[in-house]
Every structure is written in C-alpha cells, then in structure tokens.
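So the structure is just underneath, and the comments pick up after that.
Chains here go by letter, A, B, C, D and E, matching the order in which they are written, and residues are numbered from 1 within each.
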C-alpha cells in the first residue's frame, strides 16, 4: 500500500522512522497540530526510548525494503529515561560504521535529535532524508540479496570446486 | 394616546420650510388639517442656528434653540418640528441644558431668563406614528399607496445624537417604514438609509455633496425603489434639487422622485396635488403617481 | 629482511607447561588443566583437558598451537569439572578473551590458574602444521600482535622471548584498502564473501564470546535473521555477529581460522575494534572493564553524525 | 508640519488647550484608545489629511497646532456617525465643534476658507434677520468667495418652482436676537464662557 | 487466532478531510486477523466508545486498533473503554492517522495510502500484544516543592493543609521569591509584602512543612510515588537552631557596601545578611565571597558579637535525602537583561538601548524596588545616577518579548499590566511628573485588567504612544528617546530623566539543568513543558511531577496561585490512594536463556536489574541470572536492545511487536 504516484515510473522512497515517544514522536505530533506539511513517505515506529532501538531493527528495515531509515530521539540530557539516548548514541555510532564498511550508503541512514518542541525540525529532517533518498534512488542492495533464493557462493579455490563436484 | 383626544401642537417649521422647502410646509399643514390635528406656528421663531452655529459656537447654538423653546412655551401643545436638523438641535439643546448645569447657567445668562425646558420636542414622524397612531393613520387612508416602492431615507441627523432620548433606534430605525407602510406603500430594504448627504457643504463644497448624494441615489435605485421619502429639507435639497446635476456628473439616470413624508401620506389620505406642492418638486413625481393610479 | 621467526624457545615452554601442569594437579591447586597436546596429523596440535598429573606429559606447545582455549571455559566446558579452579594455557591473544569474559561475568579470575606463554607467533590456518614458521606462514593476527608476553598470569615459563621481526599488519592494510573503495564496491566485495557462507556456524561455535545459551539468530519468534544459507540471511548473520562482537572481540581470529569457506571474518572484527578505539578510545582485552564500550557512555561522546 | 518630528515634553503638550476642548465638548479625549472606528465610518474621512482618529490622537498629545493647521476639522459634516458608534463614548463630533470654535478664537490658521465663510455668513444672517434666507446666503457667499457663477444653473429652476424668494422680512423680535448675541459676546469678554 | 477490531475515526473532518476513512476501513477489513473494521465520526465521543464496546462483545474481539489521533492524546481514553468491555487495556493500540498523517499531508491519495499503511502496521503489532497485568507501587505521601516563591509557597501550604508533609526547597536564603520584591500589585494596587509575608510566616510555622532555604536539588532518583531526592543544604555559616534573628551581627559587620541582589543591586547589604527584613527564615547567611573573615582570615566580628554563638565559620554543605511521592516544580522566572550577550547566544541584548550601560535606564523590577516602601530609597522614585526625582519618565514595553530578532518570540504577558501599574505608582509619587509609555499592543486580558490599564491613561494621565522605540542615548543628564507615534505617523522624541524597560520574563538560570535532574522536558527557552497544553496544563509528561507558576511560562500572580493550587490538588489526588497503579510497561527476564553477562544491568539507569541466583534443590548454585524489579523499572527498554540474546524483553515493546510492524511495511 505504498503511495503510487500517477506517474508510476517516479520513485517514491520508503522511509522508516524509529522514534522515541517522549521527544520525537511528540515533536512529530506538534508538526501535526501546527499543520506543517512534509512528504508522506515516512512510516513512524514508536519506541519508549531510543535506548530500546536495536541495530537489528535498522537492518531488518532495510531488508524489508526501506530506502531510508531515520532514528530520532531526545537531545542529550533530555532523555526521559535519564540516559537511554546516550547508550543509543554509542550503539549507533558503532553500527553505522559497520554498515558503511559492508557497503551501505550512509546517506540512507539518518540520526537526529528532535525534541517535543521541534515540530519544524521534524519536518526538516524527514523532508531532507526523503529528498536525499529520492535523489539516490531505490535501495537495491538488500532487495537483490533477498531475490537470490539459493546459496550462491563463487567457488574460488580449487579445493572448494573439488569438494562441490563430489557432492 | 386615546383616540378621542384632540391633538394639537406648537409648530416650528424652520427656515427651509419658509423657503426652498415650501412644499414641506404646505403639505404638513394640509395633512394635519386633514387628520384633524391642530397646528399653531410658534410666533416669531428664530433660526435654530443649525449646523453652522454649533459647528463654531456651541453656546450660540444652545442659546438660539433655547430661545425658540422658550417661544414655543407660549403655544399650546408639544413642539412639532418638521426639519430633521432643527429637530436634532432643539432636542439636543433641551437634553444638554437639563443635564449640564454649567451650560444651562450660561444659556440662561445669554437669554437673561430662567428656562423651563419641560415641553416635548417632537418630529412629525413621532406625531404620526405614536401620538396619532398607525391605526388611526391607516383608518384615514383613502387611496392606499399600493404598489409604490418607497426608499425611506433618514439621513444622519434624524436619529442622532445617540445619547439624547431618541425618535427611534439609532442604527436600525423603522419609524418611517412603519408610517408609510401604514398607508399602504411598500418599502425597500437598502443600505444608505442613515448615510450623510453632506448638507453642511451645500453652499461651500458642492463637490462633496454630489459625491455623497450620488451614493445614496445609487443605493436606492439598486434596491428597486420607485421613489425616496425624506423627513428633512436639507436632504431633500440635495437628493431632489441636485439629482439632475448628479446624473450629469456620473452620466447616469435615476429619475427618483423625492417626497417629503407629509406629501406621500397626503396622497394616501386623498389630498390633491396642489395641496401637497407636488409641482414644486424638481424631479417630476406625477408620472410615477399616475402610473400607480394614485392621481 | 629476516623472514624466519625464532621459536627455538617453544620446546622449553612445552617442558615448563608439563612440569607446571603436573605440579598444580598434583598439589590440588586445580582440578583440570586446559592445554594443547599432539595431534594425529604430522606436526599438528589439538586442545586437551587433563585432570590428572600423570596426563601432563601429553602436553605440548608448538607453532601449531593456534587454538584459543578460552572457549573451553565457557560453552565448550562440558568436559571440565564443575567445581574447583581450572588451569589453562594462554597465549597473549587468548588471555585478552579471558579478560573480556571476566568483564562479562562469565569467568572469575580466582577460579583460574593461568599458564602464560611468551609467544612469538603461530602458524596460519592455511599452511600445514609441519611448516616452518616464517613471515609468510605466520598467522595474520600475529603480524600485528601486541601481547607477546601475557601479563598477570599465575605462571609464566622462565624463557626469554627472542626478538621478532617487525611485519606489516595485514588486517590494517586490508581495512584501509576496503575503506578507500566506494560503498558499492565494498558492497560487492562483501556480497561475494558472504555469498560463500554455508551457515555452518563454525565461527559462532569457536568464538569464546558467542556464549549465549540461545543465539538471537536462532530465534524464530520473531525471526530476526534467516537461518537458511541464503545470501540475505548470511549477510544479516555476519552483520549481527560483527555488531555483537564489537567492543568485545580482542582478535584471536579463531572464527576466520575455522571458516570452511575462507570468509575474512576477523576483518569485520578488526574494523569494529578500530572504530571503537577511534570513537571511544576503547581497546578490548587489556584490563577487566566494569562496562564495555557499548554499555557505557560519556556525555561528550561524538555526535557529529546526528542532526 | 504634518511630517515634522514631534518633540514631546510637558512643555510641548498643551494640556490647557486639551482641557478647553474637553470642557466645550463635554467629553474626554483620554478615553480614546485609537480603535479607528470613527475614521472607518466617517463619510468625509477621504477628504481629510488627519482622519478623525488621528485628530483625537494629536489632541491626546496636546499637539493642537497640527490639527488646526489642517483642513480636517472643516471637512467634518457633523453627521455624528463617529459619536454614535464610538465604543468609548468619545463625542468626536462635539470635539470637532470645540476645535472649530477654538480655531476661530485662535484666528484660524486653517487653509480651509469656503466652509468657514459659509458658516460666518450663516451666523451673520441670523444676527441680522433672525432667520436664514437661502437666496441671500447663496448670493453673498458667491460674491464673497468669488464664485459668481456657482450653481448658476440651479437658480432659475428653483425660482420657477417658488423655492427661491426674492424678498424676505425681518423677525419682529430682532432686538431679542441681538441681545442674545451681545450677551454672549460680553460673557466671553468677561471670561464667563469659552 | 486473533479477532481484531479496527475503528477508524473521522475526527469530525480533521482526518476525513484528507484521508478517505472509508477506504482505510475497507483496507483494514482485508487484513488477516481483522474481524471487523468500521469508521465513525468521533470515536472518542460517548457513542463512539459505545460502538467500540459493543463491537468487542458482539464480535468477540481479541484486540483493538483505533485509527485516530496521537496515542498521546487518547490512548488512555480508548484503553479505558476497552477495559470497560472486559479486554485487557494493553490489547488496544492506536494508529496515529491525524497528527502523523491527515494534518501533515494535503494529497488525499497519499494520505489515504499512508493511513492504510499505518493501520496495517498497528494491526500486525497488536496481534502480538499480550495481556499485561496491572502493576501497583506504594505511594510515599510526602511531597517536594522546588522553589519558595508565591507558587511554591501556595502549593506547599495547600498540600500541607491537606495533612501531607511537604519539603520546600529554596535556593535563596529566604523564601518569598520575586513577589516579595514587588511594591504593589495589579490590578488592585495592594502592597505585595502585605499579602505575601503572612503566607511566608505560615510556611515557617506549619508543622507539616520542612523548609530548606539556601539549598538546591542535587539528585532526583526514583519514580512516581517513590522519589528519593538529595538536597544540598549550602553552608549558611550561621546555626539556624541557635540564631535568634536579633540582627546584631549585621549591624556590626564592617562589609557594608555589597550590592543587594534583592534590591536589584541598587541597595547595599552587609556580608552577613538577610536579603530583606521580613525574610523567612530570619536567619542571616554569610556571603563567603565578600566576607573579610573568609577572604583574609581576619575579622570574625559577627561571631564575637553573637550572643547565642550561632555564627559558625566551619559549617559545611550537607546532603539530605528525602523520600517523597510527588514533586511540584515552582522555580519561577528571571528577567531578561538588555546587556551584551556572549557571541553565538540565541538571545541578544539591546545595543541600541546602550546594553544596560546608561545608568538611568533601569528595568521594571528595579523600578519596583524604587517604588517599594521597604526598598532602598524608602519608596522615593529617584534616578540611580544622581538621586534626583525624574520628572519625565519613559516606559518601554516588549523589551526582549515579541522580539524574534533578540531571540524571544513569545509575549511575556505581565509587562503591559505592570507598566500600567508603574505609571500609576509614579503619578502617585511624582505629582508634577509625566509618564510616557511606548507600546506596540496593550494586552490586558484578565479580570479588571483592561479597566486598570485605561485608568492609568484616563485618570493617572500616562501618555501612551503606540510605536516601538528605535534608540536611547545619553545627552547631558537626559536620555533621548527616539520613537514614533504610528497613530499619527510621525517620529517622536522625548528627553527623559529616566527610562524603565519592561523586560521579558525568562526561565530561571539553570532551569534546563534542573529539568535534566528531574527528567522533565522543556522548550527552547527552557520553560518546562506541560503534559498537554490544554487538558493537562499542570502535569509534566513525567508522572508524579507537577508544574506551578512562571517556570512553565510567563504568568501573573493570580494565575500562578491558581496553578499552584491546581498542582497541589493533583498531588492530593495522587496521595488519595495507598498504592498506585502504574503502566505495566516494564522489562522481564527470560531466565532460561539468560547467561548472566549483565549487560542489561550495566545500562540500566534506574538500578532495576538485580542478580538472581538459581540453585538446585540441594541449594547448589547453578548460575546467576538477571532479574528486573518491576517497581523500579521505568520501561525504557535499553536493556533489551543491549542484551545479545534478547533474554530481557520490554512488555508492550517486544521484539515480536516491533518486527511485526517492520514486516508489515
């Protein structure tokens, strides 16, 4: 049920946002009550705290076809749970390096602090990410992997080739 | 008002009725005669000072009006006033002098006489609608003004100033409509009933008058009126006398006869044209009245 | 450049291990000793657990003593007596794992008797165990070893560590090469590597830190990672594995050694170690930390990547 | 004058003048909070350089010279729309009366002369004849204002309709009128009235 | 098999204007597990809730998804409704298709598609929702009130009068706050001290109130009903118990020229001092920075003259831990200053007004002290520069307030009124003087407020000039005020003897740091955020913490007192029960899988994770696993994200629920 524009060839990125309920979710609510406008591509998943957000969810989101992922929570010091966002900050600092190393374009993965008072910032962050991802085009890497149903390793050593032939 | 009581009034015509608004004076006297209402002109009345006096010299204005009120005391009955401007000034004077002791002292000094100020100042409309009563007025009708669409024009002064006991509601008066509907006419709802025609500038700045009066004529026409009814000689002067000139300036045609209320009521009670001074009107009303079968 | 690596002292080390193992078993200091013994293939060595002093003579130490024995103290501990102190032979790199496990409440120092090895290096997994130890046959992890002499052990054989040649660190070079590529090129590289994976989980089995009773990747409610050996699941598995080892893995490289498909797994671990060093100035294995880098924080941690 | 910087101090704010206006008009200028409703409804606002609300504002600041120097007060039609609708019961029409009166007292520096001339003639007529005689008023005005041909076309028509009378008679009690005028003059001389 | 009911709300037209609610309901009906899907004009209304309850019983629903506004708005409403129909409330979830969809998108197609997605996600999530039994925690029926201004005093008195103990903490040496500084109060012009000091004395004498002045909040731990608060009681250097308040020490102190902050630094005080004569407690404090004894070691006169021997130079700060069940935050405001601000600061000063360097340009609070009968001039209004009485005084409103360029865009709400009051006080005291006020708007909503403002003009002869002042500069001993009267449309110039600036109301310095200690949120100006702008205006989003007074936003005294009493009422409501039901969103450990690495314990900010020993029947220790104390757990879920084997799970936010949502996309 993702929005299909009239022009079916136009690429509409799928953006998944993992947000904490106290700051960013409330900030997004504020954008709503203020009737600000932003691209409809984003789907929001609410967490109690960014500390709850497991890096695996980001991976899972990309595997499920997300073209961009946003993780957003309270500003440092504002965490409703004292330090959940500090833990999240470290976790994601490391995880993004790992994703970068395996070849994920980090422009598709955005982290932000959006407070309950920052409806405007929420709009900016979502709009920027959507437009960046739109410019990058679809995230094909994980989708292509998912299409490969069978084991597909290249038999690079004679040893392996030999072993394979004996099966 | 009991219907049995004979109504009688002191009458203050004002300067205009003895000059440019002669037909207002004539029709008033004839109508009251026909309705059996007594009317005695205040002897040796003075000009009330009108707008020019209060404009630059309020004390003089108050004194002149107070003098007239004093003169009217000598005549039996409340004071009947035909001109809206005179009415406004006389009424205002009476109210102000009752309320403001300083001004009263000053005026009494100027007149060199103590003031009684207990008589009532009434506009003709008040007498017709309330003292005589709409029922008695309707009963006197011989030729109902059926089918005549009248735009009632109050002008600015008839219901002003606001805090003086008033003829009718300041912003939404209906007394003119009540009177003329009582004699069978239709009234139109329109937008410029209370707008100023600029009478104060008739002499000095006629250009201003033309602009303001045109807006009034335009509105009456737009509302589908056959004619305009007024209760003020100054308004009449602008709407009737200057109508042709205005039509020329704005390249348009209104052809809206402007009646004094006494003329129209007079037609209804069956007075002939000569007693109403219809011939004195600049915009000829006869074709209209004939077309409605009223003459 | 001198390519040979002097391991002439290994024989003396083996003698010392035998003597010390016999002594501590004899005296009841420990209830078992985890060490190396001679394997069946020529020159090969394999892990062994002995519980009697008499068995101590079976023990050895050679350039083929590559295994990280730490894994026998956690999930592979079924042959180890439940009570009593355990003796274990540790190289510098193995000791780092033990330190990490202590930090994660998996081991207590006072329950261990550490026999430290002044190690000059071991053979790479790709060469036969009987080969001579030269720069070319040296295990890659040993090229950048910073713990030849394990510290804080209960016993270290009294031998002097010969001076070793300085070698170019091979992991660092490979990381730098990959980092210089575009994301798409890196993706292509890893896609090819992970495609080979047959999900045998040998890497998980051998890792001292994969001590979970139930691996996240085996769960099916919800299924986070596909368990069949398909490219998508393989990639997810290796990413999750690397993430879970970040800040913990000290680089024994056993995963890479045991991988039947030759996936450069330690490369991922080393990359993460490098990043954590840069980000949080953290290096695993040198001291028992109360909290690891990913379960602690500083208020002033870098957040330049956050909008 | 209109655009000149206003230097405000206790000296430049003529409170006495404002008091006079308030006394004559029997209203308070301080009550005005500048809502602008007077200017919104004024039929003459478009002819004025200071719309009605600004006239009050200038009074509040004691800047009467700025008011009297302009034409605004003479373009007031005395229709009383402003007073009628003022939410604060500021009698602006009365204030205008007071200002015109004070302008005459101050030997009017105003630019507007026709309206003043008409007013003057009107009052003279009353003093001389007791009542207004429109033809005379118009004729004298045209002569004095130098607009001999003004409304020339209206004349014959009105004459024919009997609306203009060539002759008029004085009131019999003219002496009383004269007395009223002269008593008021005396009172002013004696400071008994403004 | 789940039987899910999906209820799509039109929210009048708020949702249905941009989202095709019929289509959303139709789409939901096609989703597996959905037993019924319907839409209704107002789901939150009584008929809407009835419809929902009826569907639950008639359709035997197992789970409910309400697609409507933000769960922050109505989650409680619908969970309560669901509970009323016999379902566990946590089997109900909301799909936010208003704030996150209909209000932020214009394109009907896009918005509808997104709404379908959101509903789909929530349906999948809800399928995995489990019954969560209620958790209750005990309530400590004591309250902490932070700030001893009128807000804090009122809240403390109200709570204490209801019979509950109150701990009142004030940073300054005396309670009283800004209200004690004011001369007279609008719109009645009664003397501030006359109505304030009796309340201060009530606080001091109340048996249920423990007062800590010259103290600050050091640490806040715990949660609603069970907070542990550490208070730092700063060393007063005077023993409060033995001091009789005779004041001899102050008369003898040789340091007499220290600017008194209470008097806006125009009055002087000694180094050992009470800020003002009616201070509560009436125990002096030694200002160690200015005390000769502390600076040089010589002097000690106060100690020598003190009869009861109360002066104690050795006194140290003490830390006191108080257990409380609720916290009222009433830290009040500070006034903006026009002085130069550090570079890069979002708030700027007024260079055009001389950055506060023109001595006779003062702020409103300074004027209050000048006008106060108990102030440094005994109520005489004089110029700080030369002590002369100003004959031409200019007041300028909206200084800092409504000045986006200066960094503040809000209206400070009280300045119009206090400026009107100032013109009156001035007129009463300087009969031959003239007050001018430059203003942009007069904002006087409030009972008798506009009348008060009009009085300052109509009766007290203040001249109000609509238009902002462009510049102030010293010329001889005058201050030239360059303004304009926009009603006249000309420039205005006034040579004033004194200028009083109605400076903006800002939160207290360090308000953000206190908020971080309390775990409450604040806006970009550091005003504390209420849970809901309309419906929960005195509560913080953090349970058990309430707001009173200007710390939440600019307020005048009556509003502050109202809010303080409202906060007190909220506290009393909380204290009306012995145990408190809390959201059962807490973490649980699957002990079977736990390997005891205690990563969860390491990241838990609340110390909710404990080590639990598992023993066999003989009592032999098998292993040690993690265990969560549900009373202490706040429900952030950081433990779960950290646990490598996911053996700790946060109820209400399980991996299953989240993955279900991701997979629904």
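Basically, a contact is a pair of C-beta atoms (placed from the backbone, for glycine too) under 8 Å apart; a residue touches a chain by one contact, two chains touch by 3 or more.
All of these numbers come straight from a predicted model, not from anything done at the bench.
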Between chain A and chain E, the fewest touch steps amount to 1
Which chains are shared contacts of chain C and chain E? A
Using direct touches as single steps, what is the fewest number of steps from chain C over to chain D? 2
With centres defined as the mean of Cα atoms, the chain at greatest distance from chain A is chain B
For the chain pairs D-E and A-C, which is connected through the larger number of C-beta pairs in contact? A-C
Measuring centre to centre, with centres taken as mean CA positions, what chain is farthest from chain C? B
Which chain is most central here if centres come from C-alpha coordinates alone? E
Chain D and chain E, separation of their C-alpha mean positions in angstrom: 60
Just give me the whole-number Å value for how far the CA centre of chain B lies from that of chain D. 23
CA centre of chain A versus CA centre of chain D: separation in Å? 78
What whole-number Å value describes the gap between the mean CA coordinates of chain B and chain E? 68
Can you pull out the residues of chain D that are in contact with at least two other chains? none
Which residues does chain C have that touch at least 2 chains other than itself? 216, 224, 294-296
Chain E touches at least 2 other chains through residues 603, 642, 646, 655, 659, 663
So the complete set of touching chain pairs is A-C, A-E, B-D, C-E, D-E
In the complex with chain B, residue positions of chain D that touch it: 24, 26, 43-44, 47, 75-81, 83-85, 89, 91, 93-94, 96-98, 100-101, 104, 114-119, 122-123, 125-126, 130-135, 137-138, 141, 145, 150-151, 153-154, 157-158, 161-165, 171-173, 176-177, 179-181, 183-184, 187, 192-194
What part of chain E is in contact with chain A in the complex they form? 27, 70-73, 96, 98-101, 103-107, 109-111, 113-114, 116-118, 120-121, 512, 515-516, 519, 521-524, 529, 541-542, 585, 603, 605-606, 634-638, 640-642, 646, 650, 652-653, 655, 658-659, 661-663, 665
In the complex formed with chain D, which residues of chain B make contact? 15-16, 18-22, 44-47, 49-60, 63-64, 67, 96, 100, 103, 106, 109-112, 156-157, 160-163, 170-171, 194-196, 198-201, 203-206, 208, 212, 241-242, 245, 279-282
Interface with chain C, chain A side, in the complex: residues 55-56, 59-60, 63, 76-77, 83, 86-87, 89-106, 110-113, 125, 128, 141-142, 145-146, 148-154, 156-157, 160
Residue ranges of chain E touching chain C (in the complex, touch as defined): 592-599, 602-603, 624, 642, 644-647, 655-656, 659-660, 663
